[in-house]
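Just below sit the structures, each encoded as structure tokens.
Next come two complexes built around subunit A: one with subunit B, the other with subunit C.
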Partner chain A sequence: MSRVGIAGFGQTKFSEDDSKIESVLLKTTKNLLDSTSNLSQKDIDAVLVSTNNNSKYLSAILSEMTSIQPKISHSIESLCNSGTNAIVAAYSYIVSGLAEVVLISGAERYDSPGQILEWDNLRGEFKHPIFWASIFSKSYKRKYSISDEDLALVSVKNHKQSIHNPFAISQKAVSIDDVLNSKKLTEDLRLLECSRPCTGGASILLASENSCNTFTDNPVWITGIGQKTTSASFTKIPSFDTMESTRQAAHSAFQMSKQKPTDIDVMEIHDAFAVCEPMALDSMGFSTSGKGIELVKEAYFSENYKISPRGGLIGSGHPLGATGIAQTIEITQQLQSQAEKRQVDNAKVGLVHNMSAASTSSTVLVLEK
Partner chain B sequence: MSRVGIAGFGQTKFSEDDSKIESVLLKTTKNLLDSTSNLSQKDIDAVLVSTNNNSKYLSAILSEMTSIQPKISHSIESLCNSGTNAIVAAYSYIVSGLAEVVLISGAERYDSPGQILEWDNLRGEFKHPIFWASIFSKSYKRKYSISDEDLALVSVKNHKQSIHNPFAISQKAVSIDDVLNSKKLTEDLRLLECSRPCTGGASILLASENSCNTFTDNPVWITGIGQKTTSASFTKIPSFDTMESTRQAAHSAFQMSKQKPTDIDVMEIHDAFAVCEPMALDSMGFSTSGKGIELVKEAYFSENYKISPRGGLIGSGHPLGATGIAQTIEITQQLQSQAEKRQVDNAKVGLVHNMSAASTSSTVLVLEK
Partner chain C sequence: MSFELELKKGNFLMSECDHCKKIVWPPSEWCNQCLCKNSWRKCNGKGKIIEFSKKETTYFCVAEIENSIKIIGEIISGTPKIGQNVVISDCGICDDNYFFKMKMLD
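Let's turn to the complex of A and B:
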């Protein structure tokens, strides 16, 4: 079976600006087209748009704006892990032989309708993600005796790392005190423990093995894919201190790639909220239960960018449909040794963790150079 | 390579009712689950929702409501051909080995936001599809000297045929005079020449060859797939009397299936408006240019259900995200010899034509028993 590789990418700076969704899609896609050698519009067999935006027919609109006439063209939505869902769909189109080269463009505006969990009415008025994040934080800290200071370190580390990510919304370091003194959104959650809604786009080009080598001499391959959806509702997840869908997705991705947690040199974690980072590390087998925070500490104090080098969602911002794609671009750059000040030494195998709505759905990808 | 087959299906009656989108999805999916032998929820690896509805995370919501915990789960939107786009995505997931069994559920409400072409601002206030349909009608009739009476026959035939489709919104025959005397929406388009927005759902189960044989002893196989998007805007299409994306999609689907127009025993055509039926027949090579209307006449006067046996979009109604799936179900039933009063004799090879927005995007599928 032909491998599927990453042949190019483009991004926009994540920001609070009021651009229309079409403008964000156009800008990120233009960045990809301009930076990918030997690529012309006629090479592109499929255009997939990843977004929660309510506009319809965006893949055809993006195609028209960029002079692409694709065979396959549609939008994909799965809340916060729309981006990796679109990457997996593109992978399938290529392996199945329906496409050779697929463009995936993700974009979101700061006011995305995907930010409110309208359907999860069991929780009454508590439809904003901060409410599940708050319960996760309380439960995880209590069960594993984790201090507020230790959990704050996730935000401190990710803000520090995003300073070296030119596309990140945050370019400013924060201290543990800054985090602890930031506005309390609930009894258990502070503003600086949250990722920020923002406007941003990220595009990636996937290609079959043959085509990939035409467009890049530094390809990165998708070798592991794992996905799982356990429910739509926070109230139906089996535990508030572990991520079951993430556990199953990671298991599948490791199995497919024949890799294991100790093989991973660099990873992007879906830290929608600070507590998600250690929980995800535990759930994927990087740490035993409750010990994910020790990996965060170790990375921070050794100045090792191994965990979410681009600053995670907390440092980079979280434009829902673009996030999974931006995470995958970061791991690609790491494996290409092109991550500049964020570069992890000798990175050969990387992982992306992207999830939705209180980890009711997760995607895990393994990438290799 | 393993074949991909249709292992089950379910539908709701297309109507004007005010059900929530989640209710429509649940109802059509329950009909599929109840009618598919040996199928249990744990067999389903992927759940894809096809819709233009603005609600988010519907695939996870549908999964939770039906006790499915899929690996792959997301929504797909491409306006009026969302349904066949989702079927092609499911096909890919199976051929690529990421899934064995995929559930696709399409649903729409009568007030779908996909019915107004908000982005096509070049036309000023003329964003409703009736305006492109009006120009198509004028152009096609003038170029090929087709009378109003002849074009009205598309609607007469499809209304007649939908009487035998228990899921169709229209259960009433109309005459040529009824069509010609129906309300003029524009100078060139009458109400009874239009398909109707409505509320409805359609679900289909795709499976690998091995799995398919577990669920049905009467499988139908997807042997040809063709897709093309030429633009998003009506104003960018090369001609008002032919469908270029349909032409290219049909060419690809025939090539992949090694079939040709004369091999097709039964077909579903995307008659969003009456003129679309002869135009699509011409563009796919069933007729020479301008002669599609002769095939419509022949089918009508010989009482042959070969063209859009379920009554097409004009007779059945057009709940956007469900339409391509309902069309595929009809062809499946025909090839299974289970289409009752709509049955075409000795149907072995069938075709589905599903398109969006003035044929700026088309999907063509070839199915075989």
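Let's turn to the complex of A and C:
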């Protein structure tokens, strides 16, 4: 099977801007087109838009605004892991031979309708994500004797790391006390333990092995893909202290790439809420159950940016349709040794974890240089 | 009889497959396993608390009802604990949102 590589990327700063979705998409795509060597619009066979926005026909609109006339163009929505779903779709188009070069642009507004899954009525009046996050936090803390201070460290680490990410919404360090004293949303969740919905865009260019070298002399290859959806309803997930879809997606991605957790030099974790980071580390096999928080502590106190170097969702912000793409861009930059102050030494193999709706669905990608 | 029409009246129903007898949840007209027709039956509303938290002064919990289906609802009195027996004391639809209120047994 021919390899699929990452040949270019572009981003916008994540912010609270009241911009139109079309404008965010155009800006991030322009950044990709401007920064990718030798790329002209006619090279692009497919345009995929990742978003939860209600506007219609966005891939055709984006194509028209950038003078691309693709063979294939459509939108992809899967709540918070729309971005990596779009990357997997692009990968499939290339491997099947339907496309050589695919542009994927993700964008979201701060008021995205994807933040609440209206269909999931079994959550009763408690549909907002803060409620499943509270249930996860309570359950994980109790089962593994994790303290509030331990979980607060996830936010402290990721805010610290996002200071060096020029596209992050947060450029401010916070202390454990800041987190613990931030607004109590529920008994088990504080404001600074949450990622923030925001406006932002991220674009990535995938290309076949034959085409990739035309656009970059430093390609990064997608060598592992795993995806799993276990349900749509929060109350149907089998456990509130582990992420089953993440576990299965990681297993598939490791199997496909022939890599294992100890081979991963740098990773982006979907920390929609603080508790998600140690849970995901446990579920993917980086730690034994309940010990993910020890990895977080080790990374923080040794000043190693190995876990979510761009600041995760908590530090960077979470424009749903752009998040998975921004995570993949970060790992690409790390493997290209171009992550500047966030750079992890000698990073050769990286991983992206992107999930939706209380981990009812997960994508895991393995990237290599 | 549909789930939502009855829920609006304060009745909590469950859907059960006529063919494989599986309880189908979320409520549906068709079995999600064998895709045969479901029947509606009244639920006794009894369950136990699987997990809980608290927003301001309101406790909310995930409760497993009739040892099979899980919902999130408000606990209307007392301090919950894991495994505590509860019963749905009120339910309905308000502003297009379902609501479930539970009271503790024992």
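FYI, the second predicted complex is superposed on the first by the 369 of 369 C-alpha atoms of A that agree within 3 Å, B and C clash if a C-alpha of one lies under 4 Å from a C-alpha of the other, contacts with A are read in each partner's own complex, and residues count from 1 in each chain.
Simple rule for what comes next: a contact is a pair of C-beta atoms (placed from the backbone, for glycine too) under 8 Å apart; a residue touches a chain by one contact, two chains touch by 3 or more.
All of these numbers come straight from a predicted model, not from anything done at the bench.
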{"item": "Touched partner set for A:I135, first subunit B, second subunit C, both or neither", "value": "second"}
{"item": "First (subunit B), second (subunit C), both or neither touched by A:E64", "value": "first"}
{"item": "Partner chain(s) touched by A:S75 [first = subunit B, second = subunit C, both, neither]", "value": "first"}
{"item": "Partner chain(s) touched by A:S233 [first = subunit B, second = subunit C, both, neither]", "value": "both"}
{"item": "Subunit C versus subunit B, contacts on subunit A by residue", "value": "B"}
{"item": "First, second, both or neither for A:S356, with subunit B first and subunit C second", "value": "first"}
{"item": "Subunit B versus subunit C as contact partner of A:K127, first or second or both or neither", "value": "second"}
{"item": "Partner chain(s) touched by A:S23 [first = subunit B, second = subunit C, both, neither]", "value": "neither"}
{"item": "Footprint overlap on subunit A, where subunit B in one structure and subunit C in the other make contact", "value": "233, 236"}
{"item": "Complex contacts: residues of subunit C adjacent to subunit A", "value": "25-26, 50-55, 60, 62, 69-74, 94, 97-100"}
{"item": "Contact footprint of subunit C on subunit A as seen in their complex", "value": "121-127, 131, 134-135, 137-139, 185-189, 233-236, 240"}
{"item": "Residues on subunit B engaged by subunit A in the complex (per definition of touch)", "value": "22, 47, 52, 54-57, 59-61, 63-64, 69-79, 82, 85, 88-89, 91-93, 95-98, 113-114, 117-119, 225-233, 236, 252, 356-357, 360-361"}
